[in-house]
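Below, chain A partners chain B and then partners chain C, in two separate complexes.
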Partner chain A sequence: MSQPKLNRRDFLKVVTVGAAAVGGAQAIRRAAASEPIPSGGRQWAMVIDQSLCNGCGYCILACRAHNDVPPEITWNPVLEAGQVAGKETYLPRPCMQCSHAPCVDVCPVKASTYRPDGIVMMDYDRCIGCRYCEVACPYGARSFNWKAFIEPNPVVPEWGQPEVERRPRGVVEKCTSCYQRIDRGLSLGMTPGVDPDASPACVVACPVNARLFGDLSDPNSNVSKLLQARPSYTLRADLGTGPRVYYLPAVEEYV
Partner chain B sequence: MKTRLKISVWLFWLLGLGLLILLGLGAGVIVFWKGLSVTHLTDLVPWGLWITIDLSSIAVSAGAFSLCAAVYLLGLKRYQPVARTATFIGLIGYTMALLTLLMDIGRPDRFWHAVVYWNKHSLLWEVTMCITLYLTVLLLESLPIFAQFEWLKKRWPKLAGWMSRIHHYAPYLAVIGLGLSMLHQSSLGALYGVLKARPFWFRPDISVLFIISAVAGGMSLTVFASMLVARLSRRFRVDDTLLERISFFIGWTLVLYLYFRFWDALSMTYTYQPGRTEGLQLLTHGPLSFNFWVGEMMLGVVIPMVLLINRSTRENSFWRMLALLLVVGGVVAYRWDTNLSGLMIVLSYLPGEPVVEYTHYFPSLIEILSGAGVVAYGLLAFSLGVRYLSVVDHGAEDAEAEEMRKVKKVTAEVA
Partner chain C sequence: MVKPERLIIALIFALLAAGITLFAVRAQTTEPTSGISNSNCMACHSDIATEWQSGSHGQSLSDPIFAETWQTQGQPGACLVCHATGYDPATGERQAEGVVCTACHSPIPANHPKENMPIDKTPDLCGRCHSDPRFITENWMLSAHYKRDMTCSVCHDPHGAGMKSVTDAAAASPDASDLCANCHKDAMQNFPTSKHAEAGVTCVNCHLGFNVGKADVTDFVASHKAPDHSFIPTLDTCNKCHASQMHAPGAAMAAAAIAVEESGGTPTPSPTPVATPIPLVSNQPVPVSPFGFAGLAGLLGLVGGMVLSPWLEKLYRNFNGKEERSK
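Now for the complex of A and B:
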């Protein structure tokens, strides 16, 4: 008797199922293995003390000037967060610089990436403006440039000078913890979070020092010490995004 | 007298489509000139009408991969002429999606970035790659159809012969097409389903529902278009037994879809989950409820399901065509509702009790005109295909086979 022979259709079926199985297994293995940093070195974090924040909004304006943000976009809004002991409290919301950032996961062109120091960066030359990251961000931290920003920035020079290039029409932009100030400061031997010229503009502009910035991997940094000393929380911790912006809640004794 | 009347109706149809395309082109130029500020999209609802057109035109193109798989992989050879129609519709559908996407992205000049800068973790990257590759497959699958163009056959007979010989590779193309389609048809749903930030979307079922509804909608459009063409012109014959069998299959596909949809919805009703419960409420008794109950469920699934499974209505061409058209409408309504139900709910990130806010969206005139232009392009391309490439002709198979035999004979003689 003749050997059972594989005809063309059966061969195609086997090849298809086999390829699908191998491909699927590989995809799941890779997806499970893709863990972002944190490596050694510096890990920048921001601590915002809600007992101190009085909602003045200076941080919004300083941010707009230093990052040349158009008036219809706010990288760093300040929201009302209810009353504590009869006093209104506020919640400033910069980009959370998540360690498991949904925006980095979903970007089809790797325009959103992690820096080794934890800052989630935007490559404005690569972004195609699909806005998937906007849909994916739980914090609403991303804004699309619906139109070109060609007018003079109304908050310049009163609130500072632009330090980065304006983003073109059609790309998504967001807060970058003023990476340009950090990098320049470090190259001049300064310490971000300590020296104003090396710290994010919002931190410097805050009149009541409600914002602190520093290196989380250094146990002696101001942010590490403060997080040791006082209870803190992050926004939507249940989502597992690992925000690097910590909030010290407004409690009666401090308000 | 009669032919003159027919020609004038045909010209009238072309003129109407041409006008819509011109308006759409005008709107498209405004979009590229002024940017997306001419739309009613916002940072809260960044995806709207255009995304619905993208998703829908890809979904109703699913007839191509499912029928090609049936013909070349399951060996249901007699459905080949229907698969031919489906392939052509698929080619049109995917180009429609690409046109709309080009308008929808903020930087159309960078459309090629996804092909060069890979983020393998992104479902949108996977979808883009799949669609690009599958469009290539569809183009190859359609070459034998374009080889039917009389002018081409006369002017460049060798080229036409070469194009029709690609038909030999149809089984391989069907395998690749099946793989690519099964990936992106479902991952277009998963694109929504993986987003933790949107509790109403964050569930595994959307991808399954997307591919099942796409198969039903894609086959429905193919069968409907074939029947319509056969009704409007006596030149093109269809084999009604084939179309009737496919319609029966569509009926049962709708049963499967309804079954999954039911458990998917029921699982969301049990406990309150911020965002998710509100999303379901938008559909069941909110602003999208008419779309959901009437458009998606009654007209889109239940009525056509009954009409297509019940023998007497299925065999009546009026009821069958009506049912098929309703399925296509239901698929479009489902895509629209899925996109908006997730976006219209804004979940607060403030600590404590999450506050749920509602936003709303209605497309701007520019969005509607440019979208209508894309749809008109699809209708025009199909109409021209019917007239000049005989994409709907179940009698054409013999002619093609004869052609093939001739080609073989010539090659044998040359050898």
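Now for the complex of A and C:
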């Protein structure tokens, strides 16, 4: 036959090159898939005005009610942050919804993922309770369910109605920026950050409007405008986590 | 391969079981009717319903003091504008007794469980009834709370129509002062060591005028009188306790105050106790629709039919065989 016979060496060459090509393509694809922020689309951000916050803790209660969080867990504590001009200031600390979240990086089972809109989500079915993410989070935003929450929630119904399922024992949970409210609001044609029904419960509950929520990709949104108008900072910017929660410091002129 | 006749028998069983179950379940559950009915809301929102029922919104028409006064005044319709829901002065008809859910949450969206019930959280909604000069609004507009865009529901629980609670029931003070202290932390740094605190005076005694003496609630006018919501204590406020120590505005007033004190004094009325609602969370599962039950019964019927059909076939064959044999 005139057909050239493939000897063993050539065969191995072809196989090696083919495998390398497939592997390389896979690597590129994986790199593209793990790109945290996809271009375009909404990017939710929260702005907390520390000169307005008086530490009343309504956000904690509303959060517990709307997300059915057990009393021993706080997704969104309000920390004391020292005095400015003789006035006590506070630092509410929700999940920062980092653009490069250490918790997502360390999760061995990919239970923590990025949503296209930037919210770091937990898959409670995948979570194996290893608590790596709890350790990795520099903000201490994650909590572990040591026991099943079966008691009545003491803050329901006074502070709101539960909107999500309770988490089982043995998984880590954290603030979700009330994704359920955002998603339902969007499906009904509302604007998160503007319509209370589409905004996170803590934002709605704040009696002094110290919290703002909105789309960072829209230069005309309330958060974008506020961030342009006033100096802001993020927590532990040096770590390069890219937090999506911005703080307006309690400067003397605003307190 | 399943014989077709067996499948048909099984299907007949399934349909029969499903039909009976559907009928039985339908007979038990009342069909939700359209229109205003609180029972519709209570089916799901039982926790809110208990709070509402024991609060003054739920009791607005059935309250014995109101009922009696209303009767003695010849049942004026004007009262029902606020004491009932959807009162029509032209026809004298009302949609519901008391201040029900739809009084504030209206109109009901067609796709309700998905879409939230509407609610206007601004003081305008509460102000539809709580807007009389006797009833807060004018003073409220003077307050720093109003100027900070705070709403009624920041302090008041709209369902229970009482005060909200921010602390554990055990640690709570007998009045709403906990609520003040929750935000006014700066003021609370000094207040606990003051003479006022030692004497048992709380925030609401001066800032809401509770020491001024909330008159007997059986009095018609006073029962509509809310405490001063400007939260600004006046000289009057001080004089209620310190009249003998201070220059009262005008001799008449001082004399009156001294006379009251000499006659034994009016005891500081205890503020109306805040009804701390017992939070109820039903751990009961969401009620299954009748079709769910029927479907399950149908499935059981199908299985039962499949199991039984060989026996039926056998019976039938035996019966036929006997007949043939007897012929």
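The rule we apply is simple: the second predicted complex is superposed on the first by the 219 of 255 C-alpha atoms of A that agree within 3 Å, B and C clash if a C-alpha of one lies under 4 Å from a C-alpha of the other, contacts with A are read in each partner's own complex, and residues count from 1 in each chain.
The rule we apply is simple: contacts are C-beta pairs under 8 Å (C-beta built on N, C-alpha and C of every residue); 3 or more make two chains touch, one makes a residue touch a chain.
Worth saying up front: this structure is predicted, and the values here are computed from it rather than measured.
After superposition onto chain A, the modelled positions of chain B and chain C are compatible, with room for both.
Contacts of A:G140 after superposition: chain B is touched, whereas chain C is not reached.
Looking at the shared chain after the overlay, A:V69 reaches neither chain B nor chain C. When both complexes are overlaid on chain A, the residue A:R236 reaches chain B alone and has no touch with chain C. Shared-chain residue A:R131: touches chain B; no touch with chain C. Touch criterion not met for A:V245: it reaches neither chain B nor chain C. Put simply, more of the residues of chain A are touched by B, taking chain B and chain C as the two choices. Contacts of A:V208 after superposition on the shared chain: chain C is touched, whereas chain B is not. By the touch criterion stated above, A:L188 is placed in contact with chain C alone, chain B being left untouched. Once the two complexes are laid over each other on the shared chain, residue contacts for A:I48 go to neither chain B nor chain C.
The superposed three-chain arrangement places the nearest Cα atoms of chain B and chain C 21 Å from each other. Contact residues on chain C toward chain A in their complex (touch as defined above): 45, 47-48, 51, 114-116, 121, 148-151, 154, 157, 159-160, 164-166, 182-186, 277, 279-281, 283. Residues 34-37, 41, 43-44, 46-47, 73, 75, 104-107, 110-111, 113-114, 117-125, 128, 171-172, 175, 178-179, 191, 194-198, 342-343, 346-347, 349-352 of chain B are the ones that touch chain A when the two sit in their complex. The touching residues of chain A, when paired with chain C in their complex, are 54-58, 61, 87-88, 150, 152-158, 161, 184, 188, 196-197, 207-209.
The touching residues of chain A, when paired with chain B in their complex, are 8-9, 12-13, 15-16, 19-20, 30-31, 34, 79, 81-82, 91, 93, 102, 105-111, 126-132, 134-140, 142-148, 168-172, 233, 235-236, 239-241, 247, 249.
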